[in-house]
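Below is the structure I would like to discuss, written out as C-alpha cells.
Letters A, B and C name the chains as they come in the text, with residue numbers starting at 1 for each one.
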Amino acid sequence: MCECCTTKKDIYLPQLATIEKMRLMNDTEMYFRFNMDDGPMDFIPGQFVEVSVAGVGEAPFTISSSPTQKDGIEMVVRRIGNVSKALHNLKTGDKIGIRGPLGEGVYPVEEVKGKDIVFICGGIGLVPQRSFINYVLDNRDDYGHVTILLGTKCHNQRFFQSELEQWTTRDDIHFLETIDEAHDCWNGNVGVVTTLLPKIESELASSEIMVCGPPIMYKFVLMALAEDNVPHDQIYLNLERKMKCGVGKCGHCQINNYYACVDGPVFKYSDLGIAPEAI
Amino acid sequence: MTVKKITKADFTDLIEKVIASQKVYAPQAKGDKYDFAPLTSAGDMKLDYDVTLQPPKKYFIPPVETLLTFEVGGGYQSQFDEEKFVLLGVHPYDMVAINQIDKLFSDGHFDNHYMNRRTNATIIALDVVNASKNVFASEIGTATVKQGYDLLLTDIGDAYIAEAATEKGAALLAGANAADATDDDLAKKQKVQSDNELSLSKHLLKCPASDLPKLLEKAYDHPVWEEQAETCFACGSCNQVCPTCYCFNVQDDVNWDMKTGERKRAWDGCMLDGFTKCAPDHEFRKNRADRFRHRLFRKGKYVPYKLGGEIACVGCGRCVGACLPDIANPVNVYNRLFDDLGNG
Amino acid sequence: MSKPRVAIFDFACCEGCQLQIVNLEEELLNLIDVVDVVEWREAMSEQSHEYDIAIIEGSITREEDAKRLEIIRSRAKILIALGACATMGGVNKLKNNFDLNEVKECVYGDDASMPHLDTAMTKGVDEVVEVDAMIHGCPIDRKEFTYIIRSLLMGKKPEIPEWPVCVECKAKGNPCLWEYDQVCLGPVIRAGCDARCPSNGFRCFGCRGYVDNPNINAAKDVIDKYGLTVEDLKEKMILFGSTKGPTNE
C-alpha cells in the first residue's frame, strides 16, 4: 500500500471497547458504560461515537457522560433498529467497536462561560444534553444561572430518575420537568416542554439556549424563543440525522450545505439561516 | 514534462505490452454503446468512443467493496486492494470528476480505501474524439483537463500526442516507440482541444456555470422542483451513472461459520426512498421533490462549496440519457431557473 | 446452544424456489451446519411438528391450504415467504382475472366439478397469516436467500431494497432496455435480484413485486412518450401484477 495510506489510520476501522455496565432504564432505553481497551478517549460534550456490533452493523450514539467523568463513557440506546436491538442483547464484559469521538460541531463549553444557560430537552434529547449539563455542574463556578427544562411523553418513559431527583434538590440550578400526557402517578407539570418556558427565572433573551429533542420539537421551541426575542446566535440546536459514516462522506446525514456528522451535530442557529432542512 | 507523438499502431503495441504486466481497464463496445471493462487485447479498446455507460469512478469506488473483516464479538481488520492497474481512455470531464472526488475523499477525514486505489492507478486521459449526444462539458468548462492524469492522449488523426504529466506517465511512455512532438504536432493538439472547448455542448447553459451557486441561492422554493419530480420514479438512475455521485451505504454480513464476516460499502443514492430514514420511521427528505432538489443543489451549490466553487456536475450528460421520464437534465432545470430568477 | 430447527413447506407452486435452495450445492452444506432441517418434502423423508423457522413456498389456493398454513404459523417462531408465489401469489394469481368455474373447466374439462379439484381465489402467504420475512423473486436469488437466512440467524432484520431494479441495472452498466423497445418494468419493481433479467437482455417482468412507493404519474408519462397505452402496460404487468382480489367481481 502507498505511504500516505499506511501512515494515516483507517477512518472506518473501529477500536475495541468493553461494556462495563448495562441497565435497562425503562421499556426501551438501555444505559451503557464502556471503556476503550486502548486507554481513555478524550471528547467534548456534543460529540458522538459510531458503535459497532460486528455482524449486525454500526450506528451513531451521542456520548451522554461528561468528559469530567473519568470512569468510562456513557450512552443510552433506544431499542429500535438492528444495532440498538443487538446492543440490548449484549452483556457486561462483551466487546463493542467504537469509532470516534466524531462531530466538530460541539456544545460551546468555552464560549458560554460566565453566561446564563437554559437547556431545553425533549425525551431522549436529554441524553446528549446531559453530557454538557454534567460538565457545567462539575465546573459550576464557570457558568451563570443554569436552567434545565425536560419534557417527556409519558411518565413511565422518564429515565436517569435518581439524577433528576438530585437536580431537583440542588439550589444552584433550576430544574423543571413536564410530561405530555397526564397520569395518576404524576403530580408535576403536564404539557409540552415549551409550556415550561414562562416559568424560568433567568432572562431568556440574554441566556444561551441548548436545544435537543425529537425532530418535531425544534419548530415549536424556536417559535417560543422568537416570542422572547432570543438572538439566533445564542441558540444551539443538536440535530441528529442518519449519520452512517460519521466522517462527512456517505451523504445520509446531509442538511442542505451541512453534514450533521462533521459540521454538527450541534449547530448555532444563526449559522443555519440557509439550511431550511434543519428544522 | 515529456510530449511525444506516437502512431496509433505503436500505441496499440504499447498497450499490448502493458496488458502483459498490469491489469488495464479501457472503453470497449457494449452492444451499440461503450463501457469501461478489463482489456484482454489492445485491439478491443475503442478510443474514439463518445461516452461510456458507467463513468470510470467504479475503479476507485466499486459498486460494492469490503472495508473490513471482523470476528463476531472481537476485532476488526482493514482490507485494501493491492492491485496496481492502468485506467486508459478517461475523457476530460470524467478526469475532472475523479479530481473532485480525490479532494473530497482526502480533505479532512482521509479515506484510505479510496486513496489507496487511486495511488495504485495509472490514468491515461484522452481528449474527446466523438461528442456524445448529450454531452455539455463545454458549458461547464470540463471539455479539457489540465491535471490529475499521468498521461494525456490527443488524437490528431494519424497519431496520438501523448503528454506525460507524472513520472508514472513518463515511465509508461518510455516503453513506446515514439518521436518527440514537433511544433506542428502541438498545434494540432491545441486545435483539437480548443475545438472541444466549444463543441461539447449539446445542451446550452444560459448562464456561466460559475454563477450556478448564486442562482440556486434564490431557487430553493421555486415550483420547478415539484413540477419535475411529479414524473420522477426516484429510481436513482441519475445517481448511479453520475461520475461525481459518491454517497454510500455500509452493511455487515457474516460468513457461514457465523463467527467471522465482512463490512461492505455499496453505492447509494440521494434520490432513493429511505436514504434519509432514521430508525423510528422518520424520513427527513421523504418527498421526491425535496430529493430532486437536493441532487441538483449538491451539483450546483453544496459540493461546489466544498470544492472552492468548482461545479460538481461535469457535463458528461449520462443522467440525461439514463432518465426514462427525461427530467434529469441539469441544464434544463438550471436554464428554467435562470429564465425565472436570473436577472432578479 | 442448539441449532434452530427449520422446516420447508410447499403450497401451489412449481417448487423452483426450493430447487434454488438445493442448487446452493456446497453452500447447502454450510446451511445445514448452522440449522437443523427437520422437514423438507423435496429433499428428505422425515417430518416434524417442532420447528423454529418455517419457510413457505407457494401460493394459497384452497381452503384446506389456508388451514394448514395457519397451523404451521402457530408452530413457528419465524415464518418466511419464499418466492413470488408465496410473497404475492405469483403467476398463480393470473387465475383471479377469470371466472373460477371457467378456469376449472379450462384446466380439468369434464372432471371440473369433482370435489378434490375445487379451487379458490389465489392468495399470497401474507394474505392468510403474518409473515416475518419475504424472499422475493421468481425464482428466488440464491445470494439473497443466504443473506436473509444469515441475517435472521444473527437476530437482525435483513435490509431488503426499497428502491427499484434500475438502481442495480444502472450500476452494472446496462443500457436501458426501453431504448431497445422493451417495456421493462424495472422502474417500479423492487430491486434485490441484481437486475438479472435486464443484464441478460430481457425486460423486467416484475417478479419481485412493486416498490413501496411507485410513481404512477411517471409511468403514465413514460408510456405516453413511447406511444403506448395503459392497456399495453397492464398487459406486461399482469404476469406478476394481478390484483390481490378477483377482478371480475
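As a working rule, a residue touches a chain if its C-beta (ideal position, glycine included) is under 8 Å from a C-beta of that chain, and two chains touch if they have at least 3 such contacts.
Quick caveat: nothing in here was measured; it's all calculated off a predicted structure.
Enquirer: Compute per-chain Cα centres, compare each with the mean of all protein Cα atoms, and return the closest chain.
Expert: The most central chain here turns out to be B.
Enquirer: If I average the CA coordinates per chain, which chain comes out farthest from chain A?
Expert: Centroid comparison gives C as the farthest chain from chain A.
Enquirer: Let me have the rounded angstrom distance from the C-alpha centre of chain A over to the C-alpha centre of chain C, please.
Expert: From the centre of chain A to the centre of chain C is 43 Å.
Enquirer: At what distance in angstrom does the C-alpha mean of chain B lie from that of chain A?
Expert: 38
Enquirer: How many angstrom lie between the CA centroids of chain B and chain C, rounded to a whole number?
Expert: Inter-chain centre distance comes to 37 Å.
Enquirer: At least two other chains touched by the same residue of chain C: list those residues.
Expert: Expected reply: 154.
Enquirer: By the touch rule stated above, which residues of chain B touch at least two different other chains?
Expert: 251, 254, 258
Enquirer: Two or more other chains in contact with one residue: find those residues in chain A.
Expert: Those would be 55-57.
Enquirer: Can you name the residues of chain A that touch chain B in the complex?
Expert: 1-2, 4-5, 8, 10-14, 16, 52, 54-59, 78, 80-81, 84, 94-95, 97, 215, 240-242, 244-245, 247-257, 262, 274, 276-277
Enquirer: Please give the residue numbers of chain A that touch chain C in the complex, ascending.
Expert: On the chain A side, the touching residues are 55-57, 82, 85-86, 89.
Enquirer: Would you tell me which residues of chain B are touching chain C in their complex?
Expert: 30-31, 33, 35, 52-54, 58, 63, 230-237, 240-241, 251, 253-254, 256, 258, 267, 269, 272-274, 288, 321-322, 324-326
Enquirer: List the residues on chain B that touch chain A in their complex, please.
Expert: Against chain A, chain B makes touches at 67-68, 70-76, 78, 80, 82, 104-105, 108-113, 115-116, 119-120, 217, 220, 246-252, 254, 258, 261, 263, 265, 268, 270, 275-280, 282, 284-285, 290, 294, 297-298, 301-302, 305.
Enquirer: Quick check on the complex: what are the chain C residues that touch chain A?
Expert: Chain C residues touching chain A: 154-157.
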